[in-house]
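Shared chain: chain A. Partners: chain B in the first complex, chain C in the second.
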Partner chain A sequence: MSLSPSSGIGRYYKHSAKIIRFVRLGCTNRPFYHVVVMERRKNQHQPVIEQVGTYDPMPNQKNERLVSFNFERIRYWLGRGAHLSTPTAELLGIAGFLPIHPRTYMTAWRNRQKVAEDGTIEAKDPVEA
Partner chain B sequence: MLRTTTGVLARLTINESKTSSSAFALEFVRWRRKPRWLPVAKSKLYRVPERKEQNAEERAELMRLHNNYKLQMRSLRQYLREEVLRLNVTTTADHIVLTPEQEEAEFARCMQENETWNQKIAVERNERLLKERERQAVEIRERLEAARVREEERMERIEEIVRREKELAKTFITHENLETAIEQALANPVDYNFSIDLQGNIYRGRTTLPGGKGTPATSGVQDTEVQQTIEASN
Partner chain C sequence: MFLRQIYNYANLRASFHALQRAASSTGNTGTASATLLYNRDPQPRFTDPETQKLLQSMTQLQLEKIFQKTTVPDNSVDYKLMTMDMLEDEFRKSIERAKNRLQMPPVVQMKKDERRIISNDSALSGFSDTKYVITDITYGLRQTERKVVVRQTDGTLEHAPMEITKRMHQLYFPLTGRSIRTPRMFADEHLQRCLDEQKYLFILNRMVVQFDPFEPEFHTISSRVYQHINETKQFDILRSTRHFGPMTFFFAWHRCIDDLLYDMVRRDYLQNAAELIALLYKLHDMEPNYKNILKQIDEIKPKEDLALKELEKALKRASSDVKEDIQSAIGKTQVDFELDDLCLPFIEDYISKHALKKVQLELATQTIKEINAEKRQLFEGISKAHGVA
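Right after this comes the complex of A and B.
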């Protein structure tokens, strides 16, 4: 469990590889993610450079998964050459900020295939962290 | 973890051919992942893992999608990079942009403000300095007075010492009266030797004998008391 604040106290080298990715918070059987910018080589629970969003993968009472992004800062960090982890890229694709990630299409057609075969509605998570 | 199995010797004799070149039959007990230096487990020795079958159609589709995605991302990244550069140049977030006239006016206003502040502070400073100077003068005067008193006391003490020494100097032995002093000392020898008996009687002189000259007739104190004091002193 991370004890470092999400306000962004992480130190980084100027030319090190940065990445926009998830940090798993929450607890056992209850995941919750922060979307953060941090040095690529670091462990996810190290201090982050900046938090640029949140993602709650568990549907709430209205069957919604809540995502928030700070698009201004994401634009900035992508412009600075930050990398993107695949789950983040998928989420941003669904959010309409980036083109849809191929894995999203793949998951979708595999779910459709499964439904066609079994007749059951047991779709897999579109975004798996 | 290694555990030596029981009955090693017995098994060695019976089926020696089955054991490896090592004299001990070793069994590895694991409760986690196999360390890298351990050999392949016997049950997994000739296992060939199955390849996941790939759908050629799906593979081609994914390849196409990925190519598209990478192309789009590349151009998007380039656009964002240029945007960041552009913003760095044109941003006024961390500095204020003014025309030269405005800057001049701003500078003049700042200077005027500074002048008024300086004047106000100068008045305050002069008052403060005046007060400080007065206080300092008083303090110096006090300290001078105290020093004078101290010096007087010191001189008095010195005078006292000198007077005492002068009085004492009358009895000093000098070169002039050295002879007379020696003669006087020779004429009046002083014997500081004495002895004491158990009753506490003091016999003055080096050669005095009990009952002779200088013997105290009766001791001034009680015998028991003397005994006690002697014991206590011991």
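Right after this comes the complex of A and C.
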């Protein structure tokens, strides 16, 4: 059986908890995240079961943050009872796939408050891994 | 923070350039307004089987031109030992390949970019300092089915505009030959230089890869190229390429076929000239009698096997038939003369009724008439001398 292009080499245990989470790739001072499905108990740099997306937290030249999701596989894994890490849940909320995560509302509210206080825009990264 | 400032600066610069471009485009409205565009959806007329047949016939299948030497990395040649049947088969295949290469890029309506909002959440406003562009990378989806959405900083979730969608498709599923940024050759001043150097095929081939047929750039650039060709009258550069059909369709749609018609008549492609006029009549519902002449042409024209003909030519067999010798000496057959007789009145009728460049066209038809009469006389004389009926 041929593997799908995103399949990792992580072993799949039927009854262990799976989680959809970020893996920090990229290098020093230049974060880049893969959204992967892996066993919950494992360290992020261990082999993953499948990659289901990417997230580039640094804005590009046109001032946009790029996110990509393999929604079909995410739906599948959520149906299999996979857990979600908070940053992933936030991103999926921003993407309109899930309801907006409470933490996103919190950051939005705090940012607005800050702007009202000193009039400067010093927003933090909304999705912190 | 510092990085972000740089990005903001870059943004400012980009918007400044956009402004400049807008200013320059409004500055020379003289050329901009002259760019002819399709005023309604041309697709149903273009994909109509009759139109396609006319366009294909006008394009002509010149094998030397289709398979001409190009600058490709591998120019190696295979030598094989073959029987006659295998050789014939191979020729048929190469004719099919040639037809594939002449597949025309579609002519469709320009797509309008409209804002499609999915949801509006004011409680989210200010959640981030940049917008988020989210792409669906599910496998096996078609480009048209792939969703790209944008979450704006004010919390609005909307479908991405065409520009972003295209960029994201190219980023996650790259197409060979297409680049993320628009190549500089398509900028106004560089394009003009390419046009002045008459590199029409180069522009059109690159344009077909870089832009989709429904994009505004596709329409403006192709229209500019076609109009430039119409001015320089270098129609022969595009003949027997996939761009000849759309170009002809463009001229017929905008009622400026006279130069092309003149070129066809001068080169003695009278059948094509009649087809071009028929296409014009068809697109504008002008004169319904064009169907008769197309039917007659179909009836006269023998269904010849192009592959076999090429094979014979390649083998250079000593032709046993005197008839063929005469034909090859004069370059025309009996059927060709009959076709000319059929097409010429039709063309003259068009010239007298609708043509804008009457004098020029009349002169050309007169010349070609005389030449053909001479050829015909010669043909008949030689035939008689050889005792061929």
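Here, the second predicted complex is superposed on the first by the 122 of 129 C-alpha atoms of A that agree within 3 Å, B and C clash if a C-alpha of one lies under 4 Å from a C-alpha of the other, contacts with A are read in each partner's own complex, and residues count from 1 in each chain.
Assume a contact is a pair of C-beta atoms (placed from the backbone, for glycine too) under 8 Å apart; a residue touches a chain by one contact, two chains touch by 3 or more.
What you see is a predicted model, and the numbers here were worked out from it, not measured in a lab.
Asks: Aligned on chain A, chain B and chain C: do they clash or fit?
Replies: fit
Asks: Just to be sure I read the superposition right, which of the two partners does A:Ile9 touch: chain B = first, chain C = second, or both, or neither?
Replies: Touch partners of A:Ile9: none, neither chain B nor chain C.
Asks: If we overlay the two complexes on their shared chain A, which of chain B and chain C does A:Gly96 touch? Say first, second, both or neither.
Replies: Second partner only.
Asks: After the superposition on A, what does A:Ala17 contact: first (chain B), second (chain C), both or neither?
Replies: It touches nothing on chain B or chain C.
Asks: When the two structures are laid over each other on chain A, which of chain B and chain C touches more residues of chain A?
Replies: Per-residue touch count on chain A favours C.
Asks: Thinking of the overlay built on chain A, is A:Tyr105 touched by chain B (first), by chain C (second), by both, or by neither?
Replies: both
Asks: Under the stated touch criterion, which partner chain does A:Tyr76 make contact with: chain B (first), chain C (second), both, or neither?
Replies: The answer is first: A:Tyr76 touches chain B but not chain C.
Asks: For the superposed arrangement, tell me the lowest C-alpha distance between chain B and chain C in Å.
Replies: So the smallest C-alpha to C-alpha spacing between these two chains is 12 Å.
Asks: Residue by residue on chain A, keep only those touching chain B in one complex and chain C in the other, then list them.
Replies: On chain A, the residues that contact chain B in one structure and chain C in the other are 100, 105.
Asks: For a test of understanding, state which residues of chain A touch chain C in their complex under the given definition.
Replies: Against chain C, chain A makes touches at 4-5, 53, 58-73, 94-96, 100, 104-105, 107-109, 111-112, 115, 121-123, 126.
Asks: Applying the document's contact rule, which stretches of chain C touch chain A when the two form their complex?
Replies: Per the stated touch rule, the residues are 1, 3-4, 7-8, 10-11, 14, 118-119, 121, 123-139, 149-151, 155, 157, 164, 168, 171-172.
Asks: For the complex, which residues does chain B have touching chain A?
Replies: Listed in rising order, the residues of chain B that touch chain A are 58, 62, 65-66, 68-69, 72-73, 76-77, 80-85.
Asks: For a test of understanding, state which residues of chain A touch chain B in their complex under the given definition.
Replies: Those in contact with chain B are residues 75-76, 78-81, 98-102, 105-106.
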